[in-house]
Every structure is written in C-alpha cells, then in structure tokens.
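One chain, chain A, appears in both complexes that follow, with chain B as partner in the first and chain C in the second.
After this line comes the complex of A and B, so read on.
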C-alpha cells in the first residue's frame, strides 16, 4: 500500500501513576483494510483507542489519525468528523427511542446515508419505537453499529464490537464490516475473539502489556507460519537448528515441536539431515500465534 | 457458484479462492463468459475482507482467466489455451478414475491408494529409487 496510513503513532505512551498502560507504541494502520487489534483484557487496547480519538491525553509520544494530530485540539475535532467510533459501552441516550436516536444522530452529519440506515434497521430488526433503555445488549450494539455505518466515515474504529452478540449477530456484524470496507472505509477493531479477527482481517496487530508484539498480514501468516513436529531417534543439538524463522523449540524426549514464522522447508530439510523418523508440518492459526507470542513476552 | 474458504488452512484466502475459481473453470462448472459475483457481494457472502476478493480477481485477470469490467463485474475468459487445459484436466479425471477402479479390483484399500498417490506426488525421486 502506498497510500498514507489512516493511523500512525510514534512512541505513544500512557501511564497511570507507575503503571504503563501503553508503552511506546508504534502502530501503522493501512487504508482500505480491515485491521484486527488483538490483546488480552487489560493489554491496553481501549486506552490506545481512546488516545487515538483524543478522549485521553498521551503521557508522551504522539500520533495521527487520517493525517491529523491526535494531541492538537483543533485537528482532533476535525478528525472526529471523519472517524466513527463504536465504544465498548455503546454510549446512547437511554431515554430516546431508536427512531429519535437515529434522527438526533443524523442531524450532526450532512453526509448521513438514510438508505443505509433504513436497510440496516430492517436487517438488524430494530424496533423503531422502543426506548434505548429497553433494548437488549445485542440490540444496543446493533443500533450503535447502524449509527456508525450510516455516517459513511473514512475510518471506523470499534472497541470489542462483538460483545453481547449471539453467533447470528456476530455474523451480521462481520458482514457489515466487510460491506463498509468494500465501500472504502478503513476498519480498525479491537477484539479478544480470535476467530472473528482471523476471518475478516487483512492485518492483525497484537498488543501485550501495552506493547505491540506483532503486526502481521494474515496472508503472510497462512503462507509462512508452521508448527513442525519431529521425532529424532538420535537427538541433534539445538545449535544445529539455528535456522532463521525458528521462534521456539520445545523438546520432550525424542520429540521436538518447532514453532516457525517461516522457512519451514529449510527446517524440514535439516530435520531429514539428522535422520528424523517422522516429520509433520501443520499450519499455525492466529490462536496459536497469539498464545505463543504472549508466552514469549 | 459456491466457494468455501478455510481460515485455518495454511494457504492465503485469496489463493484458495483463485484455486476454486480455476478448478470450477477446469471442471466446466464455470464456462467462458460466465459472470462472477461482484467484489462486495462475494466478500459479504464468504465473510472475508473485500481485499481477498480483489486480490484473487486481479491475479486471475493477470493470468488471463478473468476480465474485470468497470462497474459490471468479473467475467470468465477461457482462451484456446485455457480451454485446452480444461479438456486435459477433464481427461485426466477420467484416467485417474479408471486407474483407481483397477487398483480397487486388484484388492487395494482406498487408504493404500491414497498413500501411493501422495508418495508419488511428494517424493517422485525416492519412489523411483526404491523400484
């Protein structure tokens, strides 16, 4: 991608007292893509997102969203006009009906797409006359998504959008994200639901204890990451396996389990050189990578 | 046309989609001039990033198997070479079916036939040496 990134941070840091919630984060998010933002609870995902939107001030470092500096109050107002945000707590006015909430939100945005709003209202089966207060958690999530989608933002940021949705609702959510991306909106969404992220993301950024520990294209992951299980009748030394791509070797007796981010063919060749009696190569999914990276760090 | 992508397979999704479109063309399921779904439609149907579909379509266009027309979608284009290839693949399917039939008559189990095929495909040199 040669286009300017939609999100770019430099050494972005947030401390609460002596606790560093986000530590020197250098994050680049490409336009036109769906980017998954993964991390355990408390890894710093929400703090990062709130800094990107100017809702909390970084302790140090800076960043730009759609080319506008997040720490400059005036540019921040400007950037929020082009960014839609669906928060974890789905901030809505409890006393309004769905219909009122729609009209109220539409009044702020000249480019409001009534057709999209109407379509989603039907698809999500949201009752127009019901008060927000009386909506289920899943319905509230859908209403918040609808309000974000109908704005046709340049960038859509979502914090744990799947929370409170049943499997059918998750499917609708993922389809909506795919559709909005097809219309040119960049999507950046945090989640701890690895399976959701793995299905629709082009790239994944993984945060662990406030640090970015992995930034990876899922095409590359599927192409290169492998687990290689080998049985050696006579064990080789680990130094004979200093091959680029090997992230970790776990040995149990005569059995080795090699976790590699690439170069699987060369590793298999080396294992053959050491007379492996069995070699099994399996692709590695996002779940395994996530657990492996969390363990390493 | 039904495509099925497996996020857990060790192959990028766009390559899986390319293979399945190519396979559909080779087996005659898709014919010259057939229209494929639009990018957004297919992405929503498969619930994958639209970029996956864009990448697959673009690569197939580079290989001459698809023609992308602005605003109206993607069309399968089988030139003479591709048609010849389709015939070859269909012929190969028939021959393989015959071979498997014979091997079964010889009393081989399907699992043994599968292993023999895999060994031959993966390590042709080694199985030659053994002979």
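After this line comes the complex of A and C, so read on.
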C-alpha cells in the first residue's frame, strides 16, 4: 500500500475571469480510505476534480495524484491509468452497446477484472446487447460505476455517484465503495447526500466558494464537535464567553446555543462560571457541521 | 480500441453516405447516355464528368462534412467528454485516430463510388478509362481534403451538437459564393475538384497532367487546418 497521499494539491486555483472557482486549495487525500468531498452547488468540487484529471488547467498552483503531477500532460495520462472517474452526468457513448462499452473500456486497462465486470453485470441487471442510448438514467449510472469498479484502480473519483440511483441502487453503491476501499482502493467522492457521506466516509473535506473550509476525519468530528445549549439567568457578554473551540453563539433570550468544534469541557466549565442554570451538550452530525460551516463562510 | 470507437461513432453515417452516393452515381452513369445526343458531341464522358462526377463532388462534400462532425466538443455537448478524457489517452492521440479514420472514410467515399461507376460502365459496355477515373479521383480526394480540414477545424472550435454542422455547411456555402466567379474561381476548391480547368469541352475528357503541385498545396493547407484543430483541442478546457 502507498503511504503518500493519493491526492495532494498546493495552492490550486482556478479563475474564470474575475470569478475564482477554486481558491488556493491545499487538499490532501490519504490512501486506503474513503474521503467525502462536500460543498454547495458551485462550490468548486467538480472544477477541482476536473483539474486533478487534466480536463481543466489550473490558473495557478499545482497538485499530484498518485505522485504524478496533474499539470504535466504526460504524467496526467499516466495517472489516469490508475484512476477511475465517474462524472456527474454519467453520460457514455450512446452509439455503443453495453457489451461494446465494456470491451472498449477494458482495452485501456491491463488489470481489468473480467470477473468483477461479469458479477456486476448480473448484479446490476444490465442487458449486454442494449445500446447505451436505450438505458434508463439509473442503468447508465450503474454501467458507469461498473466500468470504474472493474478497472480495480488505485484511486476512485466519483462526482455525485448516487445521482440517478434509487434507494436500493444507492445501498448497493455504498456497499461497493466500502468493499473496494477494503481491497486497497482510495475513494474520493463528492456528494450532496450528507447522510451517505457520513455513513461510509473516513474523512471529509468541505469546500465553500472554492475554499477548503474543513478537512478532518469523521472520528475526530464525532469526538470534537458539540452543540452546547446553555441557559443563563443573567446574560454574560458574548466577548467574555469567547474561548477556543467556539465557532458560533446563537442567542435567544436567556438561552444560548453554542456550536463548538472542540474544547467542550472547557466551554461547559466557562458556562458554569457564569452560573448557567442549564447546560446540555449534544454531539452534532455532519449535516449540522456542513450547514454551520457553510453559513459561517 | 480508439479506432473501434471512431468506427462505431461514424459507421452509420459513413455507410448511409457510401451506399447513397454509390447508388446515385451508378444510376447516373447507367441512365446518363439516354440524355446524350448520339453523334452530336456530348459523349459518355460528358455525363460522367457533368453528371456522375459533379454529383459525386457535391455529395462527397456534404458527406465528409457530416462525417467529420464529432470528437470531443460534440461529446462535451452530449455529456460524454468526461468519460473520454478520463481514459489514459492523450488528446493528441484521440484526435489522431479521429483524423485518420476521417481521412480513410473520405478517401473511400471518393474511390468506391468511382469504382462503382467504372463497374457500371464495364458491365453495360460503355466507354471507360482507368486513366480518366484516376484523374478524377486524384482531384476529388486530393483537392477535397480541404473540406475535411475546414469541417475538422469547425468541429474543434464550435460547440454544440447541431451548431457545428450548421456553421460548417455555412462556411462551405459562403466559399462557394465567394469563389464562384473569376478571378477568384482560380482558387476555388469546388472548381478544382470538379476539374473545370482540365476539362476539354469537345471531348468531355480531363486533359493534361494530374496537377500534383496543386493537390500538394491543398493537402498542405489541410495539414495546417488539422494542426490548428489539434492545438485548439489541446488547449480547450472541458
């Protein structure tokens, strides 16, 4: 297994005129784990992924995928031998049949796993002789995923992989991602489905307006992030209450809702110092963190 | 397998064009001499040149323009470019295969209809000449590559599934108007592939030597257009 990051970017920036789609992004994706890539529409997730794969040239900065520079066209072709990518729209060649798509794609990858392709064909119930143009959106998504999984890549990059799948299909997908990761493939996927990201990811990176605003492991998140609801008989000044770990205080009368990224015990102690009559500490989920961070930025 | 993809992508258009052109040109040759006035001048070759070859030239330009539509910009328009660009194949390689397939198909569309016309002439006992057929093919395939280059350039610059063919046909049409009359007609690729300069109106035959220098110039310009197209695709962001 490779210990170096599978993705590493340094000050990666993409501008369209005066609009900065991605701003000085320093992203590190560890090998052997599933990393969720979150962000609102237009946050720069797809642009980042396309820069990693050489479809878009960065305005400045650089990066490496599996140790190969993304801005060097030759190295980028080489890195794509080891990376599988499923794009957001999952469009394939409408004029090919499922069988032809398999044959065509397999020819680029010497390590193509025919057994995996056959198993997934059966599991996904994809008709071999049907033209891609005649497949439903869900079937097209499954075919795109099959073509990615059967390459047995070192890195799997997925852009909204669950889009177009029914709940059963999404369940199949999540299980497949966990299984492929267990076999040593790093998974980097963007999604709007926070619950799914939270369920299978080891780490999460959140992008907001092109800037990386959070990059941490889900374990750390569960350990550190807390919502602390405090009731004060006499309100303290907000500035007196500010200590490390507090991201945001929302006051409603005598009740404060404190969103903390760590240091919960110290915050509780500080609340007691101000004679809080009620203190309730609750863990927060990825959804709350995402919304909070997006609001903050 | 990029060849396989290029073939699958274009085979329907190519086969329809090929069959259509062959049938039409063969019918023109088969029935052409009905319209000729015996012993009064217009010979069989008049009909080959005016009917068969002229029809072939027009249909060839249309077919080659249609066949050349495609590639990464069209795939971008229909959403499949991300899949292609994620494959471990450089853009130059993708373009090269597409260009070579286009050349082969364009060449086939020039040679096979002529072969069919020749076969019709042989089977029906009409006059024929391999030298004349070769001359016509050289003019069409050599000079006509310019249209291939123009279509390739348009398809590498203009996005949209239908916009590119419309623009390409527009450019071709504009060229036919602009270069239709003297003195600019000397530079007209339409006049060149039709063999206007080499056609003897009395015999109905192409006369003189095959204009290799002119053909080489046409292929040279085509190469420049191809190079610009490749550069444009290399620089394009998807």
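Basically, the second predicted complex is superposed on the first by the 294 of 297 C-alpha atoms of A that agree within 3 Å, B and C clash if a C-alpha of one lies under 4 Å from a C-alpha of the other, contacts with A are read in each partner's own complex, and residues count from 1 in each chain.
FYI, a contact is a pair of C-beta atoms (placed from the backbone, for glycine too) under 8 Å apart; a residue touches a chain by one contact, two chains touch by 3 or more.
Treat the numbers as computed from the prediction; the structure is a model and nothing was measured.
When the shared chain is aligned, chain C comes close enough to touch A:55, but chain B does not. In the superposition on chain A, contact is made by A:107 with chain C only, not with chain B. Within the superposed three-chain model, A:95 lies in touch with chain C and out of touch with chain B [touch as defined at top]. When the two complexes are overlaid on their common chain A, residue A:283 makes contact with chain B while staying clear of chain C. Contacts of A:296 after superposition on the shared chain: neither chain B nor chain C is touched.
Of the two partner chains, chain B is the only one touched by A:182; chain C is not. In the superposition on chain A, contact of A:238 is made with neither chain B nor chain C. Of the two partner chains placed around the shared chain by superposition, chain B is the only one that A:222 touches, whereas chain C remains out of contact. Residues common to the contacts of chain A with chain B and with chain C across the two structures: none.
Looking at the complex, you find that chain C touches chain A at residues 1, 4-5, 8-9, 12, 78-83, 85-91, 237-238.
Across the complex, chain C is touched by residues 50, 53-57, 73-74, 77-78, 80-81, 83-85, 87-89, 91-96, 100, 103-105, 107-109, 144 of chain A.
Residues of chain A that touch chain B in their complex: 32-34, 171, 174-175, 178-179, 181-183, 195, 198-202, 218-219, 222-223, 225-226, 282-285.
Across the interface of their complex, chain A is touched by residues 7-14, 39-40, 43-44, 47-52 of chain B.
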